[in-house]
């Protein structure tokens, strides 16, 4: 047994220390994921069962939150019309980091049943980075919960870094948003 | 339902007294449809309203590009004498315009706004029919017209996902049996959790 | 004092669905307000024109999300009216069972939704437990929890599975016993009564002015104005049920009617299970014909009593393989748009979420 | 007054935080069982708080940041004066205990004001409505509560918490909640108001004003607000235990009483809806005020204490 007194100290660099702390933080982050339920579409109707007593999301430490600032996950529940996408980008940019995006249903993946609609976008990850997709129309509560467990596993493996991607490729995302939306800023008769 | 026939007769009598009926249809025992001249719409609606048809159930338009017409539809209902009455009229497709029925049915306000938004029909008399209601920043012809193609619009505006492999059945190199076997093997793999058997 | 501008939604815990209420408030009182719809717009009416009659069956349930079956029923009846198609007797009764179960589920969701604005989450959780049991029954019958695509043109997709009558009976008996508990937790709970009694009024003139239907109308005019009674579809003229009414329409009266309607739906389901005859359930198009299936020229409007009021499809066919025009009359259209503009002002901020909840506003059917 | 006193004080604040956070977690589980579900892990609240502290946060100017820190400091300062039992207490000198009731009344206000300042600094209209409501609620419950407490002070001739505790323990555990039933009820109702439990949750009200003062907080600031909330709950529940339930002679007694009070308040909260803000004020100024005055008259003029 080595005496600790004479073993040379294992000097950790600052980056390593940061990484260690980040891992500690990851434990807390993945065990307490707060949802921002933005009911963008139909899949929102399967969220109450998965949140309430039947499937009880709170077991996993998850719960709904009232405002984007408090939340960790932006839950995009279903198709996104242009009008919603504008507000979704607002909401996403308001959330505090690290933030994750979970997209439910097949519509954010490739447009789903509304692939040829004039009002619904086809692919969400052109506009904001998506970490987990849950396919299905509509996904069962089981698969919704499974998606969240995948997200937790991904946080542990450090693969869920969509928010970093948004920083790195900010220009590209903004470009896409402009192309589809025309203008991201909300204009309507009430925002005089 | 014993007196539903009487009700139908009553409506027919009311409408035929007030205006000339271009076309009449009996849809079922509790539903009637009349096509009338555009100028008579207000008269017919107010007569029906005072006779008890005071609920405006629906207001919308139908596009008939072959005749170069829009057809505006009003559906009225009377809860005491249960007959649905469709009143239809055709207006020109170029510069379509029909007077608002707000003075008769205040509830028509948003229906008219929506009809303007989706068909481009003007409703003079409705104070803000020209404001956007459902769409935001629309940059094309009104979407419910028949000559609007949503698929082309979608392709133009929204990038679609590109798949490395084409799964559609119209694939030229479509080997159905092989694909089915592949799918079966994949399902088996998923079921057993990737373990070899 | 200066008016302050507030947004209730689209991302707001008090707002059901993706719509936004813009409010200009002075202190706590709302001065002006508008609904900003359109965030759930998918261009449904255009989509339906582009799809075959058969394909449309998979599209339509998505019009109104909390209660999808009324769409299928309305679409099917509208098409059958133009086709002059007679549906097998058993199919009518199965449709009624499905519709009533859907009504119970929508009412439970709306009643549990009372838990949100008033803060009584226990009520919400309990209501969702029971709703989930209905979804399980649906899964047994149709194979899907929410979007069933079960009521099709010409009947229903397939017969009821064996032993489902037992399941339904067990569930409705259980639910009937628990209705007392729901009353205690919700509309008879002293602290909630303070919130919902004598507020959010809906007088009779307003009903006629806006064209409100459903529970809002019945609670105000004190007459059984229910499409099931007045213009019976399916076999509603062969079952006995009451239409609960009241002559004083505050939030509590409307919620009370909701509970009573659940009770009546249970009675209807019992009668359906008892009276249901044996036989075929669907008029099928010939093999290979469904893609080329056409509907003759015609116009039809098919009203259905949904949990929020009269819901209907206006359908125009020009004899082609797909509908020429389908218009959706959302049940919450009048109170949702004009009602919020005209009658939400004057209430307090606290009441806004409750207003939206008890008036029965479903944003997907406003936007389509 | 040595450094040891301060260390004990900080220790009490820390103990209060740990205690309330774990009891809060256990209560979430109990409520979960009431709502026919499994409920979270009992240490979920700790995870939540540490997660919030590990997140990045957006600032809305220095008032926003400083207000949170001021509120947290004020609350920790208040908690340092809180006696746990007769003996465990941070600041005492030769038998004189510095745990006067009015210290808590004044210092708690520092926390509240800091939070109000910071929330208004965020510039969100929901937050300012929430702050307005929080202060109004405070005004509503303080009046009946203070009348009852003043009655107690009049009766015991002292305003030190340990003194009041000992007074109750002296003659065979004569708790004030039994001796003065009306006052006890008023105290409990006011406690519900202080804790922001359901009938009086008006200033949080997620479905109405989007969680009120907390609407703009996220990340670290929200984490600090959570810590603040836990410690202030600890202070408020302990005040009730000491004033009305005869305090505690040892730490286990304190824990049991604390748990019982908090759980009872939480259970009541979970089957009730919330009032509107004007209803909260009229409610407090009607029955609790009347009961508190009646109790004061009974105690002071008639001397009827069981």
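Here the chain labels run A, B, C and D in written order, and each chain numbers its own residues starting at 1.
FYI, a contact is a pair of C-beta atoms (placed from the backbone, for glycine too) under 8 Å apart; a residue touches a chain by one contact, two chains touch by 3 or more.
Just so it is clear, the model here is predicted, and its values are computed rather than measured.
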Farthest chain relative to subunit C (centres taken as mean CA coordinates): D
Euclidean distance of C-alpha centroids - subunit C vs subunit D, Å: 44
CA centroid of subunit A to CA centroid of subunit C, Å: 31
Chain centre separation (subunit A, subunit B; CA means) in Å: 37
Of all residues in subunit A, the ones touching two or more other chains: 52-53, 66-68, 83, 116-120, 188
Residues of subunit B whose C-beta touches two or more other chains: 135-136, 143, 148, 150-151
Multi-partner residues of subunit C (each touching 2 or more other chains): 12-13, 38, 41, 43, 46-47, 50, 125-126, 129, 367
Contact pairs between chains, per stated definition: A-B, A-C, A-D, B-C, C-D
Subunit D contact footprint on subunit C (complex, rising order): 4-6, 12-14, 28, 116-122, 125-126, 129, 185, 189, 191-192, 194-195, 348-353
Of subunit B, residues touching subunit A in the complex: 131-132, 135-137, 139-140, 143, 148, 150-151, 153-154, 157-161
Subunit C-touching residues of subunit A, taken from the complex the two chains share: 36-42, 44-46, 48-49, 52-54, 64, 66-68, 79, 81, 83-84, 87, 91, 113-114, 116-120, 137-138, 140, 188, 190
Residues of subunit C defined as touching subunit B within the complex: 37-38, 41, 43, 45-47, 49-50, 81, 208-211, 213, 223, 225, 230-232, 237, 298-301, 303, 310, 312, 314, 316, 324-325, 327, 329, 333-334, 337-338, 367
Interfacial residue positions of subunit A with respect to subunit B in the complex: 82-83, 86, 109-111, 115-123, 126, 176, 179-183, 187-189
